[in-house]
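One structure is given below, represented as structure tokens, and several questions about it will come after.
Naming follows writing order (A, B, C and D), and every chain is counted from residue 1.
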Amino acid sequence: MSAARYGMVIDLDRCTGCGSCMVACASENNVPALPQATARTGLTPILVREVSNGKQGADHREAFFPIMCMHCEHDTPCVKVCPQQAVEVDKATGIVMQMPQRCLGCRYCMTACPYHARYYNWWDPSWPKGMEKSLNPGVAVRMRGVVEKCNLCHARLHSAMEKAAAAGKREIDQADYVPACVEACPTGAIHFGNLADANDPVTKESRSPESFRLLAKLGTEPKLYYKSKEAWVRAMAEPNTAPTSEAQHG
Amino acid sequence: MASSVLTDSRWIARGEERTSLPRFLLWLSPWALLLALGVYAAGLCLYYGLNQTNMDNRFAFGLWIFLDLGVIALGAGAFFTGFLVYILKRAELKPILNTAVVVGFICYSGAVAILMIDVGQPLRAWFTFWHPNTHSMLTEVTFCISCYLLVLSLEYIPILFRNRQLRKIPSFFIFEHQLHKLVPVLAAVGTLLSFFHQGSLGGLYGVLRGRPFAFRTGFLIWPSTFFLFILSAIASGPSFLMLVTATVEKVTGRRLVPQEVFGRLAFISGLLLAIYVAAKSVDTLVWLNVTSPSAGFAPWQYYSHKPFGTPILFAEIVVFGLLPASLLLFRKTAEHRGLLLTAAAMACCGILLNRFVLTVQTLALPTLPFDEFLSYVPSWQEVASFGGVIAYGVIVYSLSYRYLPLFGSKGETTHVSGN
Amino acid sequence: MRFSRRDLLVWGAGAAAGLVVTPVPWKILDDTSKWSQNWPWIPQPARVPVEFKQSACTLCPNGCGLRVRMAAGWAVGVAGLSTHSVSRGALCPLGFGAHQLNWQPQRLRAVRHRGSASSWSEAQAAFAKARSEGPIVVIDGYPGRAASFVLQSFAEKQSGNYRVVQGAETRALKPYEEWTGIPAASLGYDLENTTTILSFGTPLLDGWGVPGRFTRLWSERAAGTSDPQLRLIQVESSFSRTASKAWQWIHIREGSDSALASGLARVLVEQNLVPAHGPIPAMSLAEAASQTGLTVQAIADMARMLIAKTPTLAIAPDNNPSIAALNVLLGSVGTRGGIVRRTQSQQAYASADEIPNARAILIDSSVPWDFAPQSDAEVFRFAAWDGGPTKVDWLLPAPGFLEELTDVPTAPTASVETYGIAPSLVKPVSEVQSAAQFVAGVDSSSSSPEKVIHTRCEELYRKRSGAIVSKDRTPVSQLASAQKLEEALQNGAVWMDEPASSVKLRCELKEWPTNGPQPGPGNWTSEWAAPVLPPLASKLYIESDLRESLHRGNA
Amino acid sequence: MFPGIDGFHWTFGHILFLSLFLVVAATIFATVISAVWRTARDFRTRQAIDFCWKANFSELPISERRCRHELAGRVISRTCDNAFDCRHCAKYSQFAVLPATGHASSLGLDYPNDRFYHRGHTWVRPEEDGNVTVGLDDLAEHLVGNPDSIQLPGVGDQIDISQTAWRMKKNGREIAVRAPIEGEIVELGGPTKGWFLKVRPRLDTTNPLTFRHLLTGPEVHGWISREMERLQLQLRTPNTPPALADGGTLVPELMNAVPEADWDTVLAETFLEA
């Protein structure tokens, strides 16, 4: 199987911030719903964040940024810092993989991630009586004390590969591998594809002048692109030109 | 004899007056209580997990990491004094050596203990030795600190075996003697290890490309903070030793080390601190004008957040850096005890402030344009464990001071060459 | 020979050193870490094969198609059914977590009589007694289902009464029912063919109607273009998710929607922007301007915007006659791209707002939990979840999500008649009965939903109109048998009638309506009948600042 | 958990890191092992015991380490650097021939000339049968008086110069008495007999080396007078008058007479405990 570089282009003009992607993701990946969790201790492998242009009244505008692991390509911050190789970039897919059974929960990777896309299991995962029957068999539940994050629904890639293998094919059928958030988005705002394939529409889209990446200047080469026609939204790529940051530093 | 029931004079080196056992226990009891509380808090964190703390996904590191970096920096006195005495043969520092070792041992063991609570899966800590990621500064830290702690405990043994009763056991006595003859080797190894992990502790944050406030360019694989940390650690170590010794002298009300030792330490500390401040200033300028802008971050983004404005930068470099440095270098200071200690204290505060800024401010600052500035207040469990470590330190030091020849005792200075 | 202290030490040291070279410590080390990797108290899903089944979501009257991931007989995941011709693969965020609803702690698992534990037999007996003593009113929250039919016929047999609690989306069509005589239940919005949509605070992009219908339409025709084919003008006093994505956001004072509608109407008429007929609002333009907080000019511009690209359709979140009247003025009633009448005529339902005298009241589980009947009759309340304190006499556990076979009638806002079937996929977590099953238990003569569904399929087949839509579209006329049709529907296909014939409805508007009933601010979950939310949905909205806090059961 | 599992793969980094780690670990380990080995060796070659004494000796206060020739007044001032073992002292013979200037006043203590004295306040008396008897000297007797308990070695045991010969307990304090001579114990005595051990010396009594390291003649008095001075100072306590008043004759059972004194130090320095 030739090496892929799975990535996304998220059309922010299409994102209505409904949150379907978050629910679908949590359900796919057996994320527990814990009453104790808060906005700062919760597990949201994909997190839709609300952004405004900082203006008041009729000029006020908002956009929604689905934030998840950007699967950085160039000295990937989390991979670099993990003391015991619990994080690795899968050469075959370009997916940044987290191995919970290897992680010792030092959380160094979380401080390293500029996107805050990594989450720590602060509590033992638990479900109301009987609800564990509703867990997705394809994904193992993570134990307390380890870090986790988006792995582009690796379980789905795995089953797609199994399916291909069963059919005696070496390449998977791209249609068989669609991450839960992509599948869930009611406006089709999240486009998923193989950036290594020049003909993949996502590759083309990622090159459009309307596409941008967050904190690209850090030089970590994230594989997650955003796209918008709104100049003020595109300005979010740059922390010191972003409209909201002025609002903050008033 | 009735008094012999409540006396431990047989354990105290002959000719050394120590306060009575009951008074000593009275002194220990509050610390013991604090330690017990700390152990309880740590137990909670281990049993229920880190939800007992106020850390969260954004503030993934908190009080504990700050504590670790702080005490390890202050504990640097141990390896540095050993280095000066054994490698550079500065015999005049011998009187301070045992204290240095004990202080170092306390700092490092305390730090390691806290680290074990801080990680979510302590049972897997050893994976680092089996699947080492050689690109990670933390691997370097883990490896060096664990080895160096071993070295320190070995350096501690000779002092321990010099206790009046233990020395009566021939095998202990001989072993102590033989080990003591090999201590220079350990000191050398320790120096190597310490230089490295003091550095890699700095690298820990310096390599964080994703945190432009902390990220620094540097030399080969090491960011500038790597070298700054070594410098600041060996600069503050001696100051901390002075503080500890002076405090003990105050508490016990007797002269323990000759004045010239203080003078010497003050000079060393001051000199290194001065070099550090210079290096730090250069580094800061380079970072603000080159490194950070190229990552897309303008300086005002860091210092426009209360309470972390530019004053904190000024305090770090000038008030707690340049000022104590010049004070310590000033000959007259050494003669005036109060002034000397103030300077030493300021130097230590400066280093702690530096560690604080690097650990806490780095995490508090936003990276994404729509992040907001975060605050974090440690939970009582975190503070209690912190206090527990301090109590542990005081207790270990008190016991060592009471029962072991810490300050230039007989047998330390003149040691017969066995046959 | 004496065993000296030294010997002891030497021996101890030797033992320690020796232990290190044995495998013991390493084995222990390894095992402890392995243990920490699968702690016994952490549930792990059994590694069983998964299969996918089709069904539909019946938690609200919009009936979105579901692709359910099944393992070991339980639903372990829900996704939209992309081949579903109405919802087009989309779901609302609540739908994605719905498979965990059945396990909610608030799930009703046993019959309760006035708060204390009881049994089905006692409930049956009490109901039979009530039935013998007097009329029984049946209240339904989701009319048009096979179950509804069973309940309605039972009520009528009881010389009782069948009443319906209608959602905001249906209520919004009430004025047209008044003026055209066509039941609201057979009216719909022809969104697919409209060009300009004037939404008065309607959460069009936030769970309104069949989510997949408008959101997909919007993302195809409007999203991300400065001059969209579908112009969405959102009139709203506060900034909403829909407003943030609208082509234009008109910021007006709270509760001044009717005033704006009147203002617009005045401009349209006075400036002859529309063929003037029907009454003129009494409210002056200046008055409208001052109420809405807009300038006269702004309202005038807006009016022009409405006729710039027609057809134009004004959509109200709830019953608001002025807005409806504006549609009439715009000529958007009974025209392409406006309010259309679906071919098949539904009956007009009596509202449950006031209830006739009755011996007992039977409330179906589709009725929102907070509905409280204004009556002193004995209340038999069916519900799958306990929504908190209530003063009903009998609380009867109903089937939860995917636990019963039911059919999916046309969605309230749809422009075309549809029919689908939601097969039951999982077995109930406790002994439950639907209201329909319950009455069948009491009155042996009454039919069962299964039978009704069967007959309905046969009717559809007999009519030979419309088509079966799943991956591809098969005209009913080409189907071999009613059996085939039913099977297709069972497997997630949807029957769709021919598109609405845009016959102009006769719509008499005597005088411009004065402010009709003001709708309360509709929560984004307002069409959601269940008193609890999927744990993951509420969790994620708590863990992100995406949504206003949800004052629902577990939220 | 082993290479090949969990996607573990060897890289140059691993080799470098692990070898570095192993080197350091090995160094530390080697250090400890060698210390242990040297310790074991010292015990094997019986140097350990000897060494212990030497170490302790080196930690005695200078005043306790005066050379016998100074005590005898043959030289002005000299510290012993041979752990009181004159047999191997290069300087011994040079000084031994010098005239002693020490005066013989026994300060009311009984130090008969028929025996040799060890600095640990024991004496050795040659007997007719070629053996020697070992006992506590008069000063020690005055200090300890009647010990609460005595723990003598067994007949046939070897004793070594300056090593512990026997132990006594008095007022809860343990006293290790140093052997004045090396040899094999042939008979046990006790306070009543006036001697504690009868020893067959390793070299026979005619050999001058047998007693060379022990004090005799003028040295004894020089030594005793210094010891008395030390006691004088150590037993003086703020509130009590000098215990050795009345011409400095020692009262018996001194430990009971002056309980408040710092007996730890007194006994340690008297019996040469480090």
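The rule is short, and it goes like this: a contact is a pair of C-beta atoms (placed from the backbone, for glycine too) under 8 Å apart; a residue touches a chain by one contact, two chains touch by 3 or more.
Quick caveat, the model's predicted, so the values are computed rather than measured.
Q: Which chain wins if you rank chains by how close their C-alpha centre is to the centre of all protein C-alpha atoms?
A: A
Q: For the chain pairs B-C and B-D, which is connected through the larger number of C-beta pairs in contact?
A: B-D
Q: Where the CA atoms of chain B average out and where those of chain D average out, how many Å apart are those spots?
A: 43
Q: In whole angstrom, what separates the CA-based centres of chain B and chain C?
A: So the centre of chain B lies 62 Å away from the centre of chain C.
Q: Taking the mean of the CA coordinates per chain, how far is chain C from chain D in Å?
A: Distance between chain centres, rounded to whole Å: 99 Å.
Q: If you average the CA atoms of chain A and of chain C, how many Å lie between those two points?
A: Between these chains, centre-to-centre, one finds 29 Å.
Q: Send over the residues of chain D in touch with two or more other chains.
A: 1, 6, 8, 36, 43
Q: Could you say which residues in chain B touch two or more other chains, in rising order?
A: As it turns out, chain B has residues touching two or more other chains at 121, 124, 127, 130-133, 135, 139, 170-171.
Q: When you check chain A against every other chain, which residues touch at least two of them?
A: 38, 42, 49, 85, 101-102, 124, 143-145
Q: Name, in rising order, each residue of chain C that touches chain B in their complex.
A: Within the complex, chain C touches chain B at residues 5-6, 9-10, 29, 32-33, 35-36.
Q: Where on chain B does chain D make contact in their complex?
A: 1, 4, 9-10, 14-15, 129-135, 139, 143, 147, 150-151, 154, 167, 170-171, 173-175, 177-179, 182, 185-186, 189, 192-193, 410-411, 414, 416, 418-419
Q: Quick one: which bits of chain B touch chain A in the complex? Just the residue numbers, please.
A: 49-51, 55-61, 118-122, 124-125, 127-128, 130-133, 135-139, 142, 204, 207-212, 294-298, 300-301, 304, 362-363, 366-373
Q: Where on chain B is chain C touching in the complex?
A: Residue positions touching the partner: 121, 123-124, 126-127, 169-172.
Q: Going by the contact rule set out above, which residues of chain D touch chain B in the complex?
A: So the residues of chain D in touch with chain B come to 1, 6, 8, 11, 13-14, 16-18, 21, 24-25, 27-28, 31-32, 34-36, 38-39, 42-43, 47-52, 54-55, 58-59, 171-172, 264-265, 268, 274.
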